[in-house]
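Inspection log for the structure reproduced underneath, given as C-alpha cells.
We call the chains A, B, C, D, E, F, G, H, I and J, going by the order they appear; numbering starts again at 1 in every chain.
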Amino acid sequence: MLFQVEMTVKLPPEMPAERVAEIKATEKAYAQELQKSGKWRHLWRVAGSYANVSIFDVEDNAELQDVIGSLPLFPYMEVHVKPLCRHPSSIREDDS
Amino acid sequence: MLFQVEMTVKLPPEMPAERVAEIKATEKAYAQELQKSGKWRHLWRVAGSYANVSIFDVEDNAELQDVIGSLPLFPYMEVHVKPLCRHPSSIREDDS
Amino acid sequence: MLFQVEMTVKLPPEMPAERVAEIKATEKAYAQELQKSGKWRHLWRVAGSYANVSIFDVEDNAELQDVIGSLPLFPYMEVHVKPLCRHPSSIREDDS
Amino acid sequence: MLFQVEMTVKLPPEMPAERVAEIKATEKAYAQELQKSGKWRHLWRVAGSYANVSIFDVEDNAELQDVIGSLPLFPYMEVHVKPLCRHPSSIREDDS
Amino acid sequence: MLFQVEMTVKLPPEMPAERVAEIKATEKAYAQELQKSGKWRHLWRVAGSYANVSIFDVEDNAELQDVIGSLPLFPYMEVHVKPLCRHPSSIREDDS
Amino acid sequence: MLFQVEMTVKLPPEMPAERVAEIKATEKAYAQELQKSGKWRHLWRVAGSYANVSIFDVEDNAELQDVIGSLPLFPYMEVHVKPLCRHPSSIREDDS
Amino acid sequence: MLFQVEMTVKLPPEMPAERVAEIKATEKAYAQELQKSGKWRHLWRVAGSYANVSIFDVEDNAELQDVIGSLPLFPYMEVHVKPLCRHPSSIREDDS
Amino acid sequence: MLFQVEMTVKLPPEMPAERVAEIKATEKAYAQELQKSGKWRHLWRVAGSYANVSIFDVEDNAELQDVIGSLPLFPYMEVHVKPLCRHPSSIREDDS
Amino acid sequence: MLFQVEMTVKLPPEMPAERVAEIKATEKAYAQELQKSGKWRHLWRVAGSYANVSIFDVEDNAELQDVIGSLPLFPYMEVHVKPLCRHPSSIREDDS
Amino acid sequence: MLFQVEMTVKLPPEMPAERVAEIKATEKAYAQELQKSGKWRHLWRVAGSYANVSIFDVEDNAELQDVIGSLPLFPYMEVHVKPLCRHPSSIREDDS
C-alpha cells in the first residue's frame, strides 16, 4: 500500500556539528536499508530545500507509523502524509 | 528532469453530465499517451479525493508548462509543482 | 485499517429543494448501508456545522477511495483524511 | 457528551532524555486511567506523526477542560477541539 | 453550558431583494425568540462586518446543533464554535 | 464600548516554576480587579486550551491598549481583538 | 477614535457595466461626503489592486459599523478593521 | 511616495530588562527623528498589541529599505509593506 | 523603480470562447507595448500554471497602479506586489 | 533554465555579532561569484525586509539544489522556488 510522504527537516541551530553529522549518517544508513527492503520505494530531494518527497510501500498504516516514527531525524521533521491508490488512468502495472 | 505535480480537480457543479464525461475521456486518453511517452512517469489517486499526485519527467520547465497547460482539465485544476532532484541517500539508479 | 475522515458539505445555493432532498436521502441510505457493513465505523455531526467526523474501517487505501468517491454528496464535499493506527497507550482491543 | 480532540506533541529538543521518558510514562498512566473510567473513549495514533485523534466522553465543557488541562504533556501540545453530537444518519446506539 | 459562536453571513449577490428581506426578518424573529428563552445569551455585531459574536447557553452539543442548524441564514453562514467553561480568575457568578 | 478579546498564553518551557506561579498570581489579581471595575465584563476559559475569550467594556481604543498592554502575561500572549457594537436583533438592554 | 480599515472590492464578473458604473459613482459621492465630514480621515489606493487602506475617525464602534455598513460597495467587499490609538513615540498632535 | 507599513515586535523572552529598555529608547529617538524629517508621516499603536500601523513618505523603495532596515528593533520585527498611491475618490490634497 | 508582481489569472468558466480569445489578444498587445516602453521589464510564465512573475520599472507607486489597473485581464487576476531595491550584494549595474 | 527564488533570512537572536558579520561576508562573496558565473542572474532586496527575490539560470533542478544548498545562510533561510519558462507574450530574447 502506497503513501506519499513529504518531510522537511529543521535542525536546531545550536546542535553541535558532530551531532549533526552523526544523526545524518544514521539517517542515511536507515533510509538506504528501508529502500533496499522495498518499503521506501522512492526518495527525491525537493530542489532548493532541506526537504524530500517520498513514496512508501508498506503493509498498512501501522507499518507506516513504525517506519517514519523510527527515523533518527523524526523529532526534527515536519511530516505530511497522503494515502495513495491506483489512478483509473494509470498504465503502470507496478504503481499501486 | 523530474517534477512532483499535485492536481486537484474542481468541476463547476452546473457542467452538463455529457460534457463531464467527454472531458474526462479526453483527459484520460491524453494522460495515457503522456505516460506511454515516459513524460508522465507516475500517476496516483490521493485516496478520498478528486486529486492526484504525479511525477513528470520532462526536458525542462518549458516542457512541463506545455504538458500541464495542455491538459483538458487544466482550466478546472488547482496545480502545485515541486522541482525534484536526486536525493543523496537514494539508491535507485533511475530516480533522478 | 482505520482512517479518520472529516467531510464538510457545501451545496450550491441554487440547487432546487427537491434535488437537495433526493440527494440527502440517497446519501443517508448509502451511509447506513456502509455502517451496517462495518466499513463506516463511526459517524458524528460536528455541532454547529454541516460537517461530520467519521472513522472508516477499510481493507486499504483503494477501498477508502471507492467508498468515499461513491458518496452521492462527494462532488459537494471538502474532505480531509488522516490514516490512523493503534496508539501505544490505547487499552481498547477493538480500536486498531 | 462527545468531543473530538486532536493533540500534536512538540517536546523542546533540549529536554533531557530522562525527563522525556518520565513525562511520557506519567502521560501513559494518566491516559489509561481516563480510558478505563470511560472519559477517554477512543485514542488513535495519526500514522506518520507524533499526534493523536481522540474521542472524549465527558459531562460538559468544564470536565473537558479539567481532563485535557491535567495532561502531563499539555504544556507541550497543540490541541484542537470539536464538539460532536449524534448524526441523523448514524445507526450506532452508543455513539452520542 | 456555554459556547462562543462566530457567524459570518455571505448572501449570494444574485438573491432577489424581497427574498433577502424575508429571510432577514425570519432570522431576526427566530434570534429574538432564542434570546428570550435564554439559549442565545449574548449577540453582538462585529463592527465593520456582516458578522456577529454570540454566546449560547444550551443543554449540550446536540442542542447547540439544533439551534444553529435551524437558523434561517445557516446555509449562507460560515460558523466557528468554541466550547467555553468557567475561568479560574472569573468573579461573575452567572458566567459558567 | 465593547471589544471581544481572545488571548492564548504561551509560556516559555524553560521558565522556572516559581516564576510561573508568581506571574499567574499577579495576573489573577489584576484580572479580578479589572472585573470588579467593570472594564473586564466577561472572562471565559476556552475548554481544552490555555486560552480565554473575554469581553472588555472600555472608554475607547486607548483604554483597551492600556488595559491589555498592562497584563502581566501580555509578553507571552497571542491576542486577537474585535470591536463590537449593538446587534440590530439583540434584545438585551445592557449589551452595547 | 481612529480605526484602520482595509477594503478589497470583488465585483461579480456578471454585473452589467451600467450597474458597475452606477454603484461606483454612488460609492464615490458617499466616500467624499464622509471625508468632508472628517469621519473618513485618509483614503489611499493600494498600488496594483482594487483595494484601499483607510483611516476612520468616529465616535465609537457603533458609528464605525454605521459608516462601513452603509457603503454601497459593502456587499462586495472584504473588510479588515484594526482599532488604533496614540503611539507612545508619536510626535503628531492630531494623530490620536 | 507613500507606503503603509505594519510592524509587530517580538522580543526574545530571555532578553535582559536593561537591554530591552535601551533598545526601546534608541528606537523611540530614531522614530521621532524620522517623524520630524517627514519620512515617517503617521505612527499609530494597534490597540491590544505590541504592533503599529505606520505611513512612510519616502523618495523611493531604496529609501524605504534604508529607513526600515535601520530601525533598532528591525531584527525583532515582522514587517508588512503595502505601496500606496492617490485614491481616485480622495479629496485630501496632501494624501499622495 | 522596480516592483515584482505576480499575477494569477482566473477566468470564469462560463466566459464564451470568443470573449476569452479577444481579451487575451488585447492583453498580449498591451503587455508587449509596455515591454517595448521599458515599463514591463521582465515577464515569465510560472511553469505548470496560468500565472506569471513580472518585474516592472515605473516612476512611482502611482504609475504601477495605472499600469496594472489598466490590464484587460485585471478584473480576473489575483495580484501580489513586492517593492524591490538594489541588493547590497548585487553586481549588476542595471538592476536597481 | 530559470527559477524564481525568494529567500527570507532569520538569524537566531543569540548568534554572536562576529559570527553574523563573518557569515554575511562569506555569503556576499559566494553570491557575487555566482552572479559573475551567470548562474544567479538577478538579485534584488525586497524593500522593508531581510529578504530577496532572485532569478537563477541553471542547467537543471540538480544544479539549483547544489547552488542554493551551498549558500552559507541556507540553514537560516526560508526558501520558495518557482520554475519559470518563456511567457508567450514576452518580447525579450534573453528571458528564457
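The rule is simple: a residue touches a chain if its C-beta (ideal position, glycine included) is under 8 Å from a C-beta of that chain, and two chains touch if they have at least 3 such contacts.
Which chain is which protein? Per UniProt: A, B, C, D, E, F, G, H, I, J = Muconolactone Delta-isomerase.
Keep in mind the model is a prediction, meaning the values are calculated, not measured.
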Touching both subunit D (Muconolactone Delta-isomerase) and subunit G (Muconolactone Delta-isomerase) (chains): E, F
Which of G-I and G-H has more C-beta pairs touching across its chains: G-H
Whole-Å gap separating subunit A (Muconolactone Delta-isomerase) and subunit F (Muconolactone Delta-isomerase), where each centre is the average of the chain's CA atoms: 44
Centroid distance [mean C-alpha coordinates] between subunit D (Muconolactone Delta-isomerase) and subunit C (Muconolactone Delta-isomerase), Å: 22
Per-residue multi-chain contacts in subunit B (Muconolactone Delta-isomerase), two or more chains: 2-3, 45, 47-48, 61-62, 64-65, 81, 83-86, 96
Full enumeration of touching chain pairs: A-B, A-C, A-D, A-J, B-C, B-I, B-J, C-D, C-E, D-E, D-F, E-F, E-G, F-G, F-H, G-H, G-I, H-I, H-J, I-J
For the subunit H (Muconolactone Delta-isomerase) and subunit J (Muconolactone Delta-isomerase) complex, residues of the former touching the latter: 3, 5, 12, 15, 61-62, 64-65, 68-69, 74-76, 79, 81
Subunit I (Muconolactone Delta-isomerase) contact footprint on subunit H (Muconolactone Delta-isomerase) (complex, rising order): 1-3, 60-62, 64-65, 81, 83-86, 96
Subunit A (Muconolactone Delta-isomerase) partner contacts - residues on subunit B (Muconolactone Delta-isomerase) that touch it in the complex: 2, 4, 27-28, 31-32, 35-36, 42-48, 52-53, 55, 82-92, 95-96
For the subunit D (Muconolactone Delta-isomerase) and subunit A (Muconolactone Delta-isomerase) complex, residues of the former touching the latter: 11, 13-14, 45, 47-50
